[in-house]
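You will see subunit A twice below: alongside subunit B first, and alongside subunit C after that.
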Partner chain A sequence: MRVILERSNLLKSLNHVHRVVERRNTIPILSNVLLSADGASLEMKATDLDLEVTEATAAKVEQAGATTVPAHLLYDIVRKLPDGAEVMLKTDEDGNAMSVISGRSSFRLQCLPQSDFPELSAGSFSHIFRLESAAMKGLIEKTQFAISTEETRYYLNGIYFHAIESGGKLKLRSVATDGHRLARAEMDAPAGSEGMPGIIIPRKTVSELQKLVDDPDVAVTTELSDTKIRFTIGSVVLTSKLIDGTFPDYQRVIPTGNDKKLVIDRESFARAVDRVSTISSERGRAVKLSISEGQVTLAVNNPDSGSATEELAADYSSDPIEIGFNAKYLLDVAAQLSGSEARFMLADAGSPTLIHDMSDEDALYVLMPMRV
Partner chain B sequence: MRHPELYALHIAHIDCDAFYAAVEKRDNPELKDKPVIIGGGKRGVVSTACYIARINGVRSAMPMFKALEACPQAVVISPNMEKYVRVGREVRSMMQALTPLVEPISIDEAFLDLAGTERLHGLPPALVLARFAQSVEKEIGITVSAGLSYCKFLAKVASDFRKPRGFSIIGEAEAVTFLAEQPVTLIWGVGKAFAATLESDGIRTIGQIQRMERGDLMRRYGTMGDRLYRLSRGQDTRRVEPDHDAKSVSAETTFDTDLASSADLVPILRALSEKVSTRLKKSGIAGRTVVLKLKTQDFKIRTRNRQLGDPTQLADRIFQTGMQLLAKETDGTKYRLLGIGVSDLTGVEKADPPDLIDVQSRKRALAEGAMDALRDKFGKTAVETGYTFGKGRNAHPREDVED
Partner chain C sequence: MREPEKPRQLPLDLGHTPGYSRDDLVVSQANAQAVSLVDRWPEWPSPVVVLAGPAGSGKSHLAAIWRDASHALVLKAADIEKHVAEIDGTRPVVIDDADDRFLDENGLFHLINQVRATGTQLLLTSRRFPAAWGVTLPDLASRLKAAATIEIDEPDDLLLAGVITKLFADRQIEVDQNVVQFLVRRIERSLSTAIRVVDRLDRAALEQKTRITRALAAEAVNALDQGQAEFEI
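Right after this comes the complex of A and B.
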C-alpha cells in the first residue's frame, strides 16, 4: 500500500475513528485502525466489537492495499505534524511495518495483518430514515445526561428510541432514565420510522454519535434492525450493536395528576441552585425547595461546612410545599431547558415531579425527590 | 519488672489468650482441664483451640476432622459469637479506661498508645499494663497477653512472645539484636507464600535481611522489600489510630460438602445477604459495592464486584446483585465457600432512595422492613423468604467466626 494525502483530511477522519478504540485492549488487533487504500480514497475503520466507525477520505493512491496500525499512535503522530503538510503512508514489502512520512519526519509503525481485523456484520436493516443533524442532536442531548451507569440495570445504559403515536401524530421519541430522573424528548417522526422496533442505543454509541452530529448542515441517515443500528453522517459510517434488553414502561413513571404548578425564571433558578449547592462538600446533596405563594426558597444544609439559602420570586398559588432534590440533577435539567421559564408540576414531597420547558413541549423531565 | 527503657516505651499490644475457648471455659468450669475446640460444622475449621488442645497439635484454621484426629478427646463447641462480642466489648472498654488511643484489630486484640498517661495513672505504661492484665483476669475471668515496645510491630511481637498470660517488653536499644535471630515470618505481611519466596532466595532470618541494602530488597520484592528493610531494623512509624472505620461488611460460610448448582448456592446467598444487611442496619451504615466471594474445591478464591447506583443496606438489593454475579460463576465449578458483602461504606442518608422505574423495589424494601420488625420481636427464624425456608443447615449458617 502506498498513499499520499493531506494531513488535515487524514487528521479529521482519524479523529472520528480513533475514539472508538479503547485505551486498554486485551485483543491486540482492537488497538489498531484498519487502513484500506483503493481508487481515489483511503478508508479508515476502528472497532471495539460493539461499535464500528468507518470513514473514507480523498487520497492519491499510488499502490492499492490494506494494513492495520495502532490507532492512537497514528492519530498522535498525525496530530503533531505541521498544518498543511502532506503525508505518505507506505507499507514495507513484507507488510510487517508501515512508514508515515511527512516532510523530513519519518515514522515506522508495526502492522498487524488486515485479515485479522474483525468485521461487525450488520445483517440486514428493516427500517431507514433521514433526519437533520440538528434534530438528531436534540433527541440525544436532551436525554443523554439521564443515562444510567449502573451495570445491574444494563437496559438503562442507553437511550431508548421508538416511534409512538401521541396527540394524533406519530412521534420519534428518545427516553433515558437512571431511576432518579427521566428525560424524554420527541419530534415528528420522519418518513420510514413508522413501525420501527423500540431500540436501546448504548451510551458509548450515543456519545460518539453526538460528536459526529455537531455539523448542522449534514443529514443523518439511520438504518436499523432490532439488534443493530447504522448512522451515516457525510462520509462517516457508525455501526453499533443495540442493548439486548427491555426498556421499562416509562409512561407509568411520568406523573399526570400533579396539580401544584410552579413557574420560575429558568436562568435565575439554575444560578441560584448552583450558588447554594456550593456549600455541599460532596456530590448528591439535597437542595430543599420551600415553595409558597409567589416565592421559592432554596436551602442547602451541610453539617460539616455550613448552610446557604436563597429566595426567588416565582409564580405559584397552590398550598405551600417543601421538597428536596439532588442539586446536580436540578442543574442537569436546568441546563437542558432552553426557554426563559421552567414549569414544575408537583404533587408532594415524596412523589415524582414533572419539569417542562414553558416554550418547548417536545421535552419533559421527571425528578424523584430526595428526603430532606 | 526491670528494663532500661521501662519508662520510655508506650505502644502496647494486648491479645486475649485463646479467646473463644477461654470464654467457654469461664462459663463452664467442667471444661477447665479438657481440650476445647471452638469451630463449626463437620467440614468447618478450627476457629480457636484452648492451650490444652494446642499441646495436642490442634491449630487455628485447621480443618475440624484433622483437629479431631490429633486430639480425639477434645470437646467441640460451636461458636456463640454474640457472647464473644459482648465479652470482647467488656475488655475493650477496660482498655479505653486506660487511654483513648485504642485501635482494635479484631474482637479480642488491640493496640494502645499509653503515651502521656503517667500523670493520670500515677504509674509508667509497663505497670499500667501489668495491672490491666490482672484486672481482666479478676473481673472478666479470661487471661490476656501484653507486649510493650516503641512501635506497633514490636509491641505485637512482644505480646506473642510468651503467650499465654505473657508480658514482654522490647526496647529500642535491643530491637535489632533481638530481631536478627528471629525467622522472617515474624515480619508483619510475610505469610507462607512470601516466606517460601524468601527461602528460595536463601533468606530465613531477619538478620540476613538486616545485612541487605534497601535498593536491593526493593528490586527483588517491590514495595514489600521496603517493608522488609524497615521492619527488619525495627523501624515502624505507624501510629495507633483509634478510629479505624470498617471498610467492608461481609459474611461467608464453608459448606459441609462442595456445591455447584445455583439451586444449592442461592439459598445460602440469601441467608448471608440477610446477615450482612442486619449488620449494616444495626450499625447505621450502607455499602455501595457488592462483593461476591467464592472458594473453589481446589481452594482458589474468586471475588466479583459490582458497584450500585446508590448505597444500600437492604438484604434484597445485596442478594439480587449477588445473584447476578453468581449466575456467571455457576458453570459447573464446585465451590466450598460462599461469601457476600458490601464495601464503599457510607452513612444511611443516601442509601436506597426511592426509584422511578423499579416500583417493585420499594415494595420489597417495605416487606423487608416488616420482616425485620417480626424478627426483632420473635427471633431470627420467625419469618423467612422462600429462598431459605426449609433449605436446611447451609441456608441457616451459624455466625461466622474469625480468630
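Right after this comes the complex of A and C.
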C-alpha cells in the first residue's frame, strides 16, 4: 500500500475512528485501525467488537492495498504533524511495517495483517429512515445525561429509541433513566420508522454518535434491526450492536396527576441550587425546596460544615410543600432546558416530580425526590 | 437519641415483567408433581385439577405455561357464570387464584358440569385445598371433592435458589450465586419471603446505584428479620 493525502483529511477521519478503540485491549488487533487504499480514497475502520466506525477520505493512491496499525499511535503522530502537511503512508515489501512520512519526519509502525481484522457483520436491516442531524442531536442530548452507568442493570446503559403513537401522531421517542431520574424527548416520526422495534442504543455508541452529529448540515441515515443499528453521517458509517435487554415500561413512572404547579426562572434557579449546594457533602447532595405561595426557599444542611439557604421568587399558588432533591440532578435537568422558565409539576415529597421546558413541549424530565 | 437520618434518594418504580415461559420454570421435588401434571396434559387423572400451594410457589407460572400449551380460556374466579356458555369442548379452561373471596360459586358449579359434559379440562390454582375454601354451595363442594388436587410443597433449597435466581432474572439482574446461596441459608423458608427479599434488594441496589453484593443482601435480610416495614414509600 502506498498512499498520499492531506494531513487535515487524515486527522479528521482518524479523529472519528480512533475513539472507538479502547486504550487497553487483550486482543492486539483491536488496538489497530484498518487502512484500505483503493481507487481515490483511503478507508479507515476501527472496532471494539460492539461498535464499528468506518470513514473514507480522499487520497492519492499510488499502490492499492490494506494493513492495520495501532490506532492511537497513528492518531497521535498525525495530530503532531504541522498543519497543511502532506502525509505518505507506505507499507514495507513484506507488510510487517508501515512508514508514515511527512516532510522531514518519518515513522515506522508495526503492522498486523488486515485479514485478522474482525468484521462486525451487520446482517440485514428491517427499517431505514433519515433525520436532520439537529433532530438526532436533540433526541440524544436531551436524554443522554440520564443514562445509567451502573453495569448490573445493563438494560439501562443506553437510550431507548422507539416509535409510538401520541396525541394522534406517530412520534420517534428517546428515553433514558438511571432509576433516579428519567429523560424523554420526542419528535414527529420520520418516514420509514413506523413499526420499528424498540431498541436500546449503548452508551458508547450514543456518545460517538453525538460527536458525529455536531455538523448541522448533514443528514443522518439510520438503519436498524432487532440486534444492530447503523448510522451513516456524511462519509462516516457507525455500526453498533444493540443492548439485548428489555427497557422498563417507563410510562408508569411518568406522573399524570401531579397538580402542584411551580414555574420558575431557570437560570436563577440553577444558580441558586449551585450556590447552596456548595456547602453539601460529596455524597448525598440533598437540597430541600420549601415551596409556598410565590416563593421557593432552597436549603442545604450539612452536619459537618454548616447550612445554606436562598430564597427565590416563583409562580406558585397551591398548598405549601417541602421536597428534597439531589442538587446534581436538578442542575443536570436545568442544563438541558433551553427556555427561560422551567415548569415543575409536583405531588408530594415521596413521589416523582415532572419537569418541563416552558418553550419545548417535546422534552420532559422525571425526578425522584430525596428523603431529607 | 436517634441520629438524624441521612438524606436518601428514592428510586423510580420501574417495575418488571415476570417471565412465565416453560424455560423460566424451576423444577425440584417440591413442585415435581405439579410440573409433571402440566407437562402430561391432556393425559390427566381427572377433568378438573386443583393446584394448591403457598404464595409464590409457581402456581400462576404453571398455569400460564399450561394456558400457552393448551390454548386454554382464562376466566376470573369472580366472574364465571356468563362465560359458561362459551365452553364447547374445543378449549380447556384455567382459573388462577380460585380461592378468591369473591368466587362465583354458582358459575364454577355450572362450569365444572359443562367441562365434564363437553369432555374438556379445567385447571384451578389456589393457596388452600378446596376443602378450606369455605364453599357454601353443597353441590359445588362435592364436585370439588371429586377433583384431583395436586399440592406444591414449601420450597426445598434447590427450588428456593432457583426461584431467587429467576426473580432476579425477571428484573434483568445477574446475581452472583454466592449471594443466592447466602439468601437461601438466611431467609425464612418460604417463597413469599424470597419475593420480598428480592424486591427489597432490587430497590436498595437501584437506590444506591450499586451491584447486589453479599453485604447488601445481609442488610436486607437483617432488615426483614427486624420486621421493618417494606420500604416506607
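Everything that follows uses one rule, which is that the second predicted complex is superposed on the first by the 370 of 372 C-alpha atoms of A that agree within 3 Å, B and C clash if a C-alpha of one lies under 4 Å from a C-alpha of the other, contacts with A are read in each partner's own complex, and residues count from 1 in each chain.
In this section, a contact is a pair of C-beta atoms (placed from the backbone, for glycine too) under 8 Å apart; a residue touches a chain by one contact, two chains touch by 3 or more.
Just so you know, these numbers come straight off a predicted model, no measurement behind them.
Asker: For the combined arrangement obtained by superposing on subunit A, do subunit B and subunit C clash, or do they fit?
Answerer: With subunit A as the common anchor, subunit B and subunit C collide in the superposed model.
Asker: Quick one: subunit B or subunit C, who's touching more of subunit A?
Answerer: C
Asker: Tell me the contact category for A:303 with respect to subunit B and subunit C: first, second, both or neither.
Answerer: Second partner only.
Asker: Which of the two partners, first being subunit B and second being subunit C, lies in contact with A:324: first, second, both, or neither?
Answerer: second
Asker: Touch test for A:104: subunit B only (first), subunit C only (second), both, or neither?
Answerer: neither
Asker: Is A:246 touching the first partner subunit B, the second partner subunit C, both, or neither of them?
Answerer: Touch status of A:246: second partner only.
Asker: Applying the document's definition of touch, where does A:24 land relative to subunit B and subunit C: first, second, both, or neither?
Answerer: A:24 contacts neither subunit B nor subunit C.
Asker: By the touch definition at the top of the document, which applies to A:80: first (subunit B), second (subunit C), both, or neither?
Answerer: So A:80 meets neither subunit B nor subunit C here.
Asker: So, A:366: does it touch subunit B (first), subunit C (second), both, or neither?
Answerer: both
Asker: Mind working out whether A:350 is in touch with subunit B, subunit C, both or neither, as first, second, both or neither?
Answerer: In the superposition, A:350 touches subunit B and subunit C alike.
Asker: Running through the overlay: 55-63, 73-81, 127-135 or 307-315 are the candidate stretches of subunit B; which one clashes with subunit C?
Answerer: In the superposed model, subunit B runs into subunit C at 307-315.
Asker: Starting from the residues of subunit A touching subunit B, keep only those that also touch subunit C in the other complex, and list them.
Answerer: Looking at subunit A, the two contact sets intersect at 148-153, 177-182, 248, 250, 252-253, 284, 350, 352, 366, 368, 370-371.
Asker: Inside the complex, what are the residues of subunit A that reach subunit C?
Answerer: Result: residues 148-155, 177-182, 245-246, 248-250, 252-253, 284, 286, 303, 324, 326, 350, 352, 366, 368-372 of subunit A touch subunit C.
Asker: In the complex, go through subunit B and note every residue touching subunit A.
Answerer: Residues of subunit B touching subunit A: 306-309, 320-321, 324, 349-350, 353-359.
Asker: Which of the residues in subunit C come into contact with subunit A in the complex?
Answerer: Residues of subunit C touching subunit A: 4-17, 172-174, 205-207, 209-212, 233.
Asker: Considering only the defined contacts, which subunit A positions touch subunit B in the complex?
Answerer: 148-153, 156, 177-182, 248, 250, 252-253, 284, 350, 352, 366, 368, 370-371
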